[in-house]
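Take a look at these structures.
Below, subunit A partners subunit B and then partners subunit C, in two separate complexes.
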Partner chain A sequence: MADLAARRPLLRPLRLRPRRAGAVTAGLVLVVAVAGTLLAPILWPLDQSAVALDQTRLAPSWGHLGGTDDLGRDVAHRAVYGLRVSLLVGAVAALVATVIGGLIGGIAGTLGGRVDRVLMRIVDTIAALPHLLLGIFIVAMLRPSLGAVIASVGLTHWLSTARIVRSELLSLRTRTFVDAAISGGAGRRRVLVRHLLPHVLPRLALATTLMIPHAVWHETALSFLGLGLPPHLASLGNMISDGEGSLLTGAWWASLVPGAVIVVVTLAIAVLAARWRDRLDPRVRAELHL
Partner chain B sequence: MTSPQHLLADEVRVAYDRQVVLDGVTLSVARGETVGLRGPSGCGKSTLVRVLALLHRPDGGRVSIDGTPVTGVRYAVPVGLRTRVAVLFQSPRAAADPRLSLTDLIAEPLRAVRAPEPGVRERVAELADLVGLTPDLLTRRPHAVSDGQLQRACLARALVHRPDYLLCDEATAMLDASTQAHVAAVIAGYQRTRNAGVLVVTHDEALMDRWADRVVDLAGEVSAPAR
Partner chain C sequence: MTTRTAPARRRTGRLAGAAAVVRRRLLVAVPVLVATSVGMFALGAASPVDPAKQYAGAAAFTTSEENLAQIRANWGVDDPLPVQYLRWVGNLLRGDLGWSTSRHEPVTSVLAARAGWTLLLIGVTLAVVLLASLLLGALAAYRRGGLFDRALRAAAYAVESMPVFWIGLAAIAVFALALGWFPAGGLTDVTATGTSWPDVAHHLILPVAVLAVSQAPWFLLFVRDAVAESLRDDHVLAARARGLPGRTVLFGHALRTALLPFLTLVGTHLPELVGGAVLVETVFSLPGLGAVTVEAALGSDFPLLAAITLVTTAVVLAANLAADLAYAAADPRVRLDG
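What follows is the complex of A and B.
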């Protein structure tokens, strides 16, 4: 197979292994999505409140790639801005969740004993509540805004991070190299900073990344329920929700385009994060011959 | 009366959950002496080493260093006392932080007690030379060296504080014959220069006979003076 590809340059791309091809595609999607949303205000400014009532529910065409919605607004154009909001909320909320989860898990895993048991029972208790419901409760207490959505997502998503950090620390604490460090005269703080945290940080970064798609979906769900951003601001959840009304009139694009954007982008993040996870795992590493 | 010059585990008792592993074991390692420790798997050899290394709190009994009783374990042991006992673990892979280069691995105990950096580098070079690690190996991380090379680095790390007592927990079991001989020779040489006490846990009877001044079966009695 390798010989065939070597002789015929056109076949060379086929030598990409399927896993790598998936990661490359996901990487490209993500680069385009992030660059697009970052540059959108410069390249393709949007007046959030503008409507064009003479151009309602136009099907996708070269003029309007994603068609227009029932207020004549360009769906593709608003989807770019919606994605901008989603990615911002996703990233910031994932970061908030990581900081909270990292702290709680870090304290539980480092101190162990009674502190660990109390903190983990609190985590279990919160985890027993449906987190979308908890998120709705949090936004309901605040005014609808970007900050409220971020708080809602961040405050409900740190539980898994706390568990990951805690269990990682607990297992690291019993490793022989920690004994060796203690035996060499290292104090508690040095063992934590020098030998434990550096091993936990890659896992933590991975957990954050895997959290982003989750947070994006959560934000979309809140917006879809009308609890996210104010309705005139473009967000993918708002758009899907608005477009729902147009579905019966045959304007499928108003809901489908923002829906497809969210699926493709979050899938891309998840594919890349999964590959990263595989690289971190020594067992899989051995199989991949990295 | 001068204080005794030995590392002593006195009537040490250890139980994991309800399983009693060590029941009133007494073992002493005097300065300048090599004590062999043997016994079937699971009889508590490693646990005894961990107790002597101040890494595991015994459920009963005492550990003392040259007559000074040690009350705490792990982080609670004062650095001055803690660094007088060093351990060489069985698996260098497990005992080496995979993130550190061999240089950092050897230097870590010195940095942990805030030794001045120029002195640290000098000491690392000296020890690397002693255990036979070339400078190009020192820049590598554990995954890029062999078990034997890594165990040499771990030995250098164990000796970095010039301990009075060195505990070797099957430290040569995973090594090939020539590395094993070299590691044993380095330990013996160190023992002579520092008049250190060495505890050797091994299944290798030949090594034990050649090396140990006396052999202790973990059943308790001194079975046979080797020399």
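What follows is the complex of A and C.
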């Protein structure tokens, strides 16, 4: 494992040796979250349409860790399934954004010159557009659905990835090993695939990971506005939105517990990604050490 | 030539530079706006919603097919798409933003009635965020790595992972319901007969605070890093060596150097602020543009939604350009090269 990771830069993050409690905690949180959401249908199946009208708005207790909502549904139970949907949408949308951003940034970084200037100026200008409004527009015109939400996130979040890939490629181009490869007779494709790509891929993987929290927030925001996933599906945004009525009558848990799940999981992703960045580039130490 | 003094020459040069920047920006901004409008129009055209049926609402079930066809003909929705697009853009350019199909009134009157409240929310929030982040960020940078610095940074990262609408709901649960200090939503008291400013201000405290807290981390961390950087500058060290008190050095010297680049970055953060405002308005049921946007989206109201998105985009682009020009005007070291 160790020497495999040494040879393949993409696997380098797997060698993470977190010395700090913060990173260990974050890792544990993520492992539990991902394993829990993957195994949930086997260990703790949920009937999405079941209600228990004799148990509405019960406060959190050992029987119901997150309390129950206005239809008597167990909040913690539904939050696990909500997290499942949110993480799935977040990961797929982050991948879509990475592919778009990687292509645009890759073209700008390899071709350079005028193409680079024009593409980057377009990226700067699009970055000045209000994402959420564009996202709302896309979802409204495609009708709210899983695909529309993914499209809405993917089409509005690729800009930072494009910038990262482009600047990485531009700085790599000036390095000696690239000159050496070219003078050794390597063609453009060979330089790109054998020499540039292995350096860019870890950075791209990091950018995708950092994108997941943003994608999750965007999805929950759309669902919260009633423009995301279908309302009967337990998604974190839908649950926060459904719980708003209960919250106003004093049953705060129906809304705040699913929100707390988002906060804990996205914070864990951010903490781990910060350590990963330290490993990739020890010169620029990330500021996030909790 | 020799009669012109050096400063005058520099001034004309700067003006020409500013004009060139405006020109170059427009060269990109206009195509992007056109591309955005084409993209939005294409999405609208691909949308499965029939505008005539949507306009008729529940009456669509009883309206005869001839009447629906008449509505379609009146609106020209069966014309070729390029014709429709050009008509739409032509109307936009002439200031006719179209007819809102969900609210059954002109888009311009919807915007006129609602935009003021959203601008008020964003403007007050921006002022609060700027003041707070400049003050707290500078204090954190002064004792880098100290207890205050670490606590503030941990708080900033924690807040950054909280969705703004969740912060809003938590604030309602605590400050409106449990403590009863502020109203849970709306802009005026339910018993009020008109809008009075003290009442509005009381209703706006919680929304502004929530939006400010959710936006603060980014500003705060930036100010902290920039001030920490400029605390190592020569002129700051010199001020310290002269024996000036710490407060004067921090706010009079270090913060001032860090201030200018910070102000332009505020422009780049406006899109986030707009998105946050939409969510906060929804949480607190404020009668701003956010609520209308969501309503229009739920009703697939293309004219209203497209107008809100395009107008906001144009305003944000203009604000960014203004920030850059102001920056260059304030700081003579900045070259205007696009």
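Operating definition for what follows: the second predicted complex is superposed on the first by the 263 of 290 C-alpha atoms of A that agree within 3 Å, B and C clash if a C-alpha of one lies under 4 Å from a C-alpha of the other, contacts with A are read in each partner's own complex, and residues count from 1 in each chain.
Going forward, a residue touches a chain if its C-beta (ideal position, glycine included) is under 8 Å from a C-beta of that chain, and two chains touch if they have at least 3 such contacts.
The shown structure was predicted, so the numbers you read here are calculated from the model rather than taken from an experiment.
Participant: According to the stated criteria, A:127 is in contact with first (subunit B), second (subunit C), both, or neither; which is it?
Facilitator: The answer is second: A:127 touches subunit C but not subunit B.
Participant: With the two complexes superposed on chain A, say which partner A:205 touches: subunit B (first), subunit C (second), both, or neither.
Facilitator: It touches nothing on subunit B or subunit C.
Participant: Would you check which partner chain A:46 touches, where first means subunit B only, second means subunit C only, and both and neither mean what they say?
Facilitator: Touch partners of A:46: none, neither subunit B nor subunit C.
Participant: Let me test your reading of the model: by the given contact rule, A:34 touches which partner, first (subunit B), second (subunit C), both or neither?
Facilitator: After superposing on A, A:34 lies clear of both subunit B and subunit C.
Participant: For A:220 in the superposed arrangement: first (subunit B), second (subunit C), both or neither?
Facilitator: It touches subunit C, and subunit B stays clear.
Participant: Just subunit B (first), just subunit C (second), both, or neither: which does A:179 touch?
Facilitator: first
Participant: Per the overlay, which chain contacts more subunit A residues, subunit B or subunit C?
Facilitator: Of the two chains, more subunit A residues are contacted by C.
Participant: Can you list the residues of subunit A that touch subunit B in one structure and subunit C in the other?
Facilitator: none
Participant: So in the complex, which bits of subunit A are touching subunit B?
Facilitator: 175-177, 179-188, 190-191, 194-195, 198-199
Participant: Mind pulling up the subunit C residues that touch subunit A in the complex?
Facilitator: Residues 28-29, 32, 36, 40, 43-44, 46-49, 153-154, 157-158, 160-166, 169-170, 172-173, 177, 184, 221, 225, 267-268, 270-272, 274-275, 278-279, 282-283, 293-294, 296-298, 300, 302, 305-306, 308-309, 312-313, 316-317, 320.
Participant: In the complex of these two chains, what residues of subunit A are touching subunit C?
Facilitator: 121-122, 124-134, 136-143, 213, 217, 220-221, 224-227, 240, 243-244, 247-248, 250, 252, 255-256, 259, 262-263, 266-267, 270, 287-288, 290
Participant: In their complex, what parts of subunit B are in touch with subunit A?
Facilitator: On the subunit B side, the touching residues are 50, 53-55, 74-75, 79, 82-83, 85-87, 89, 91, 94-99, 108-109, 112-113, 154, 157, 160-161.
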